[in-house]
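Note that the chains take the letters A, B, C and D in the order they are written out, and that residue 1 is the start of every chain.
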Amino acid sequence: MKPVYRLTVSCPDRVGIVAKVSEFIACHGGWIIEANHHSDTESGWFFMRHEIITDSITIGLDQFKALFAPIASRFEMEWQITASEQKPKVVLMVSKEAHCLNDILFRWKSGEMNCDIVAVISNHDDLRGMCEWMEIPYHHVPVDKQNKAPHFAAVEQLIEQYQADTIILARYMQILPEAVCTRYPGQIINIHHSFLPSFAGAKPYHQASVRGVKLIGATCHYVTTDLDAGPIIEQDVLRIDHGDTTEDMQRMGRDVEKMVLSRGLRYHLEDRVLLHGNKTVVFD
Amino acid sequence: MKPVYRLTVSCPDRVGIVAKVSEFIACHGGWIIEANHHSDTESGWFFMRHEIITDSITIGLDQFKALFAPIASRFEMEWQITASEQKPKVVLMVSKEAHCLNDILFRWKSGEMNCDIVAVISNHDDLRGMCEWMEIPYHHVPVDKQNKAPHFAAVEQLIEQYQADTIILARYMQILPEAVCTRYPGQIINIHHSFLPSFAGAKPYHQASVRGVKLIGATCHYVTTDLDAGPIIEQDVLRIDHGDTTEDMQRMGRDVEKMVLSRGLRYHLEDRVLLHGNKTVVFD
Amino acid sequence: MKPVYRLTVSCPDRVGIVAKVSEFIACHGGWIIEANHHSDTESGWFFMRHEIITDSITIGLDQFKALFAPIASRFEMEWQITASEQKPKVVLMVSKEAHCLNDILFRWKSGEMNCDIVAVISNHDDLRGMCEWMEIPYHHVPVDKQNKAPHFAAVEQLIEQYQADTIILARYMQILPEAVCTRYPGQIINIHHSFLPSFAGAKPYHQASVRGVKLIGATCHYVTTDLDAGPIIEQDVLRIDHGDTTEDMQRMGRDVEKMVLSRGLRYHLEDRVLLHGNKTVVFD
Amino acid sequence: MKPVYRLTVSCPDRVGIVAKVSEFIACHGGWIIEANHHSDTESGWFFMRHEIITDSITIGLDQFKALFAPIASRFEMEWQITASEQKPKVVLMVSKEAHCLNDILFRWKSGEMNCDIVAVISNHDDLRGMCEWMEIPYHHVPVDKQNKAPHFAAVEQLIEQYQADTIILARYMQILPEAVCTRYPGQIINIHHSFLPSFAGAKPYHQASVRGVKLIGATCHYVTTDLDAGPIIEQDVLRIDHGDTTEDMQRMGRDVEKMVLSRGLRYHLEDRVLLHGNKTVVFD
C-alpha cells in the first residue's frame, strides 16, 4: 500500500465544493486514487473523502493545511487531513472474553489494521497472556462494584498517558461515565449484540430463542452518552435456527461481534467514517 | 412431487417417542422420505415432522388417525396429519401495495405454493386488476376510519364463507381486532419490517437513516393479540448504506418483505412450522 | 425522484480530471447529488459518474455536449451524458420460463425501472398472456432447430424496428449469433446460473448435488461473442443443503436469477455500469 | 455440553430403518437429543445421525457396538458410534500463512472445537511462535523442490506417530501424493478459494478482477486423489466490488477461508458430515 494523504470534508451542500477542492489538489500535483462524495439531501449536508498519493503531491502536510484553510473557511467545512504513515494510537479495553481482542490483534499483526496498538486495559487479568505474547502493555485495573470512580479515573489517566487517538471497547462490559464519553467524541468505539427485532433487558439470547428469532447480529457504533444508541459504523447478522443451543448462539454471537467490530475499526482507522450529528457516512 | 402425508407431533419429551412413532409408520408400510426431530431441552418439549409417501402406506388418512390416536394420547401429543393433495384454502388480505401479492400469486401460479388461493380481500380497489387477471375473486371492503367494526365483520364473514385455513396479511395495513386474532390461532400470518436495532414509532426508514443503520429487514410471524410480537416464522435482512435514498430503502424494504413472506408462507403450507407457546420450530 | 443528468466518463488516469470536470459542472450551475470515482491502478484507467440535478444547471443537454467535447477530447475520454427523463427502450427476450420476465415487468410497473419496455420477443407463445395484460407487444418468433438463421434475422429486425437501446435475455435459452453480439456491444444483458465451484456441461444442478455443493448462484453479464464470459454486472448466491430436492434447487435458482438480473438491469438503466475491455465498474 | 454418544448410519433406503434403530436406542434407555435423517431419493441411500445423552443409556460403548452389530448387518449399514468425550486427534498442516491456523487454535482454546490438536507440521518455520505459545508441538519439515518424497515420508511418519484421526490442510500449499490421499479417506480436510464463476490457473484474484467478479469464496472439502474436487463440506462467499484492491481481495479471501474451514472442521469433529461416494450430507 503506497503512503497516502486522506482528506475528509463535511459542510453545508452547495454548488462548487468538489470543483474547488479538486482544483486545489490538482494544482499541487495531487494524484487522487480514491474519491467518495455524498450529498445528504435531507439534511443538506455534503460529505467527501479523498485519498491522495503522498509522493505525487508537491506540498507537505503542514503546508496543505495552511493553504487549504481559507477554502475550508469559505465553505464552513469540518475537515481533516491525515497521512497514512502517521498511525493512530489505539487503546483496547476488554473484560474476560477474548474473541474480539484476538481478532483485532491478529489482524493488526497481519498488517490489516493501520494503527499502533499501544495498550490493553482490563478490569480482569485473564487476557494478559495473549497481550504479553504480542508484546503489548497490559493494564489490569480492577473495578470495585460499590465505587467504580477510582477504576474510571485510572482508565482515563492511562488513556491520557498513552495519548490514545482511538479507544475500542472490545467487550469491556462496563458502562463508561458520561464525562469520559463526552471527552472523546467520535473516538470511542463499542460493539454490542442486536437482534431483529431487538430485545431489551437481560438474557437476550434466551428471549430470542423463546420467540423463535432467526437472525442474531451485532452493531459497531461510536459511544455517546446515550447508551448503545450512538451513530452506527457497521452491522451484520448471522442466521440461527431452533436447533441452535444457547452455546451455539453464543458462539455465533462471538463470530458476528468480532467480524463487525474489526470491520468498523478498519473503516475508522482509514478515516472512512464521517460523522454529522448522529448520522454516519461510511465510505467503504 | 409425489403425494405425501405430513405428520407433525409435539409433546413432552421422554424416551421412546421416535421408536413408537416410527414403528407405527413402518408397521403400516410407510416410507419416510423426510424426517425432522427437535428436543427443546429448555422447555422439555419434543417436536417431530415426517413426510411419508402416500402410495407406500397401506392405510388411508382416516384409518391412520384412528389407529394413531391411542399412541398420541399416551404421549400427550398435539398432532396432525395432512395429505399434500388436500390443499389448504388461503385468503390474502391487502391494501394498496402490490409487491407481496404479486410475489405470492406468481409463485402460486408457478406451482411453488401448495394451496388454493380462494380470495383476496382489500380495503381498497387498487389491486383488483391483478387478481381478476389471475381469476381470483377480489373483495373490496372499505374501512370507515370512524367505525371500523363493519369492515372487520365483513372480513370475518368472508373468511368464514371461503372456509379459509390460512389468512395472509400481505401488507394489509390494518390492525385486526383481538377477537379475530384469537379466533384463528396459528392461522393468520403477517409481514412487518424490522431494523437492527429496531425503531419503534412512525417513519422507521427515516429514523434508521438518521442513525446510520446498515441493514433493513423483515419478519414474518403468526398474528396474536400482542401486536407484531407473535411467534416468528422467518426473517431476513438486506444491506443498505448512506447512499441509499428513502426511495431505495423502500424498494429494498419491499424486496425483503416479499421474500420473507413467501418463504414463511411456504413453510406454513408444508406444515414445517410447529408452534409451542410463543416459540416456533421451523423444519425447513 | 428529481430529473437528473447522468455523466459517465472513462479515460487514462492523470492529475486534474476531477478538477476540470467538476469545475465545468460548477461553472454552469450544476448541482451534483451523486458522484463516484474509481482509479484502476492496474490498468491506469479512470472511471467517473455524476448525477446532476437538471433544474439547477443553466445549459441544456445539447449545449452541455458541445461545450464539454473539448475537455473530453483533451483527456481522451469515452463519455456520455443522458437525461433521466429520456427513458431507454428495452426489448425483453424470453423462452418459456416466466420468473425473470414477471419480476422485471412488476418492478417496471412499480416505477423501479427507469425505461420503456417496448416489446417482448419469444421463441414460444407461452408468456403472451402476462405481456398482453400489461399491454406490451408480444412477438412469437419460432425457432427451426435445423435452420435458426430466419429466427435471428426476424429478431434483429424487431430490435431495429423498436429502436431498442437495451436487449435483455431473460432466460431466452438461445445462443445469439456472433453478428448480433457484436452489433450491440454493451447493450445485450444475459443471466446465467453459476455454481461454486462451477460445473460445465449439462445438468448442473445434478452435478452440484452429487458433489455436495452448498451454494447456487447467478451471474448477470453483458453478452460478447465469448459465450457466458462477458463482463460481469452483478452476481449473488443462495445457500442450499442436502435436503433440497432438484425442485427446491430449481426454485432457488429462479429466485437468485431474477434477483440478480433485475439488479443488474437497474444498474445498467441508471448508467451505473462502466465498461473498459472486459472489466466492469459498477457504481451502485 | 453434556457428554453424548453420536451414532451415524448410512445404508440402502427401505422401510423400517428408523423404527428399528430408534427402538434399539429406546430399549436401552437412550435419550435422543438431536436426530437427523435424510433419504437421498436419487441414489436410494439413507443417512441418519443421532445424539444420545451418555448418562441416560444403560449400556456402554462396547456393549452398544456388540448389540447393534446384527441390526447394522441386516440393513447393510456403514455406521459408527463415538463418545463426545473421546476427542479426535488433529494434526494441522500449514505453510507460511497464519490466518486459518490462528482461527482454529483460538476456537480450540475457547472450547469450540471438540478435539485434541496434537501437532502442527509445516514446510516453513514461520508459525512456530504461535504454536509454541499455545504449547502445541511444531514440526518444521522442509520441502526440497527437486525431491519432495522425503518431505512427504516425514509427514506421513509424523501423522502415524501422533495417531492422527484428522489432518487439516490449513493453507499447506503442497499437493499431497496420491498414496497419502488414499491412506486417509475422509480424514484429510482442505480449504481452497473459489470464484463464481471459477477461474482455473494462476493469479485467480487478478483474473477475477479483470472480469469484474462480484463474489469471492472458499470451499472446504475432503481430499481425494482428484485435486480440489473432493466431496464438499462447506462453502461461503463474500461480496467484493471494483474498489477493492488486490490487497482487499486477499484480506477478504483470508476471512472467508478461515470462516469456512473452521465451520467445516467443526462439522467433521462432531460427526455431522456423512460421506457416500463423492456426496456429503451435512447435518448442521
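The criterion applied here is as follows: a contact is a pair of C-beta atoms (placed from the backbone, for glycine too) under 8 Å apart; a residue touches a chain by one contact, two chains touch by 3 or more.
Molecules present, by chain and UniProt name: A, B, C, D = Formyltetrahydrofolate deformylase.
Small disclaimer: the values here were computed from a predicted structure and weren't measured.
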Greatest separation from chain C - chain, by CA centre: D
Homomeric contact chain C-chain D: same or different residue positions, threshold half: same
Intercentroid distance (Cα basis), chain D paired with chain A, Å: 36
Computed distance of Cα centres, chain D from chain C, in Å: 41
Chain A, residues touching no fewer than two other chains: 34, 38, 41, 243, 245
In the complex, chain D residues that touch chain A: 1, 34, 98-99, 102, 106, 110, 112, 133, 243, 245, 247, 251, 254-255, 259
Chain C residues within the chain A interface of the complex: 15-16, 18-20, 22-23, 25-27, 29-39, 41, 56
Contacting residues of chain D [partner chain C, same complex]: 38, 40-42, 47, 194-198, 209-215, 217, 219, 228-229, 231-237, 241-243, 245-246, 277-282, 284
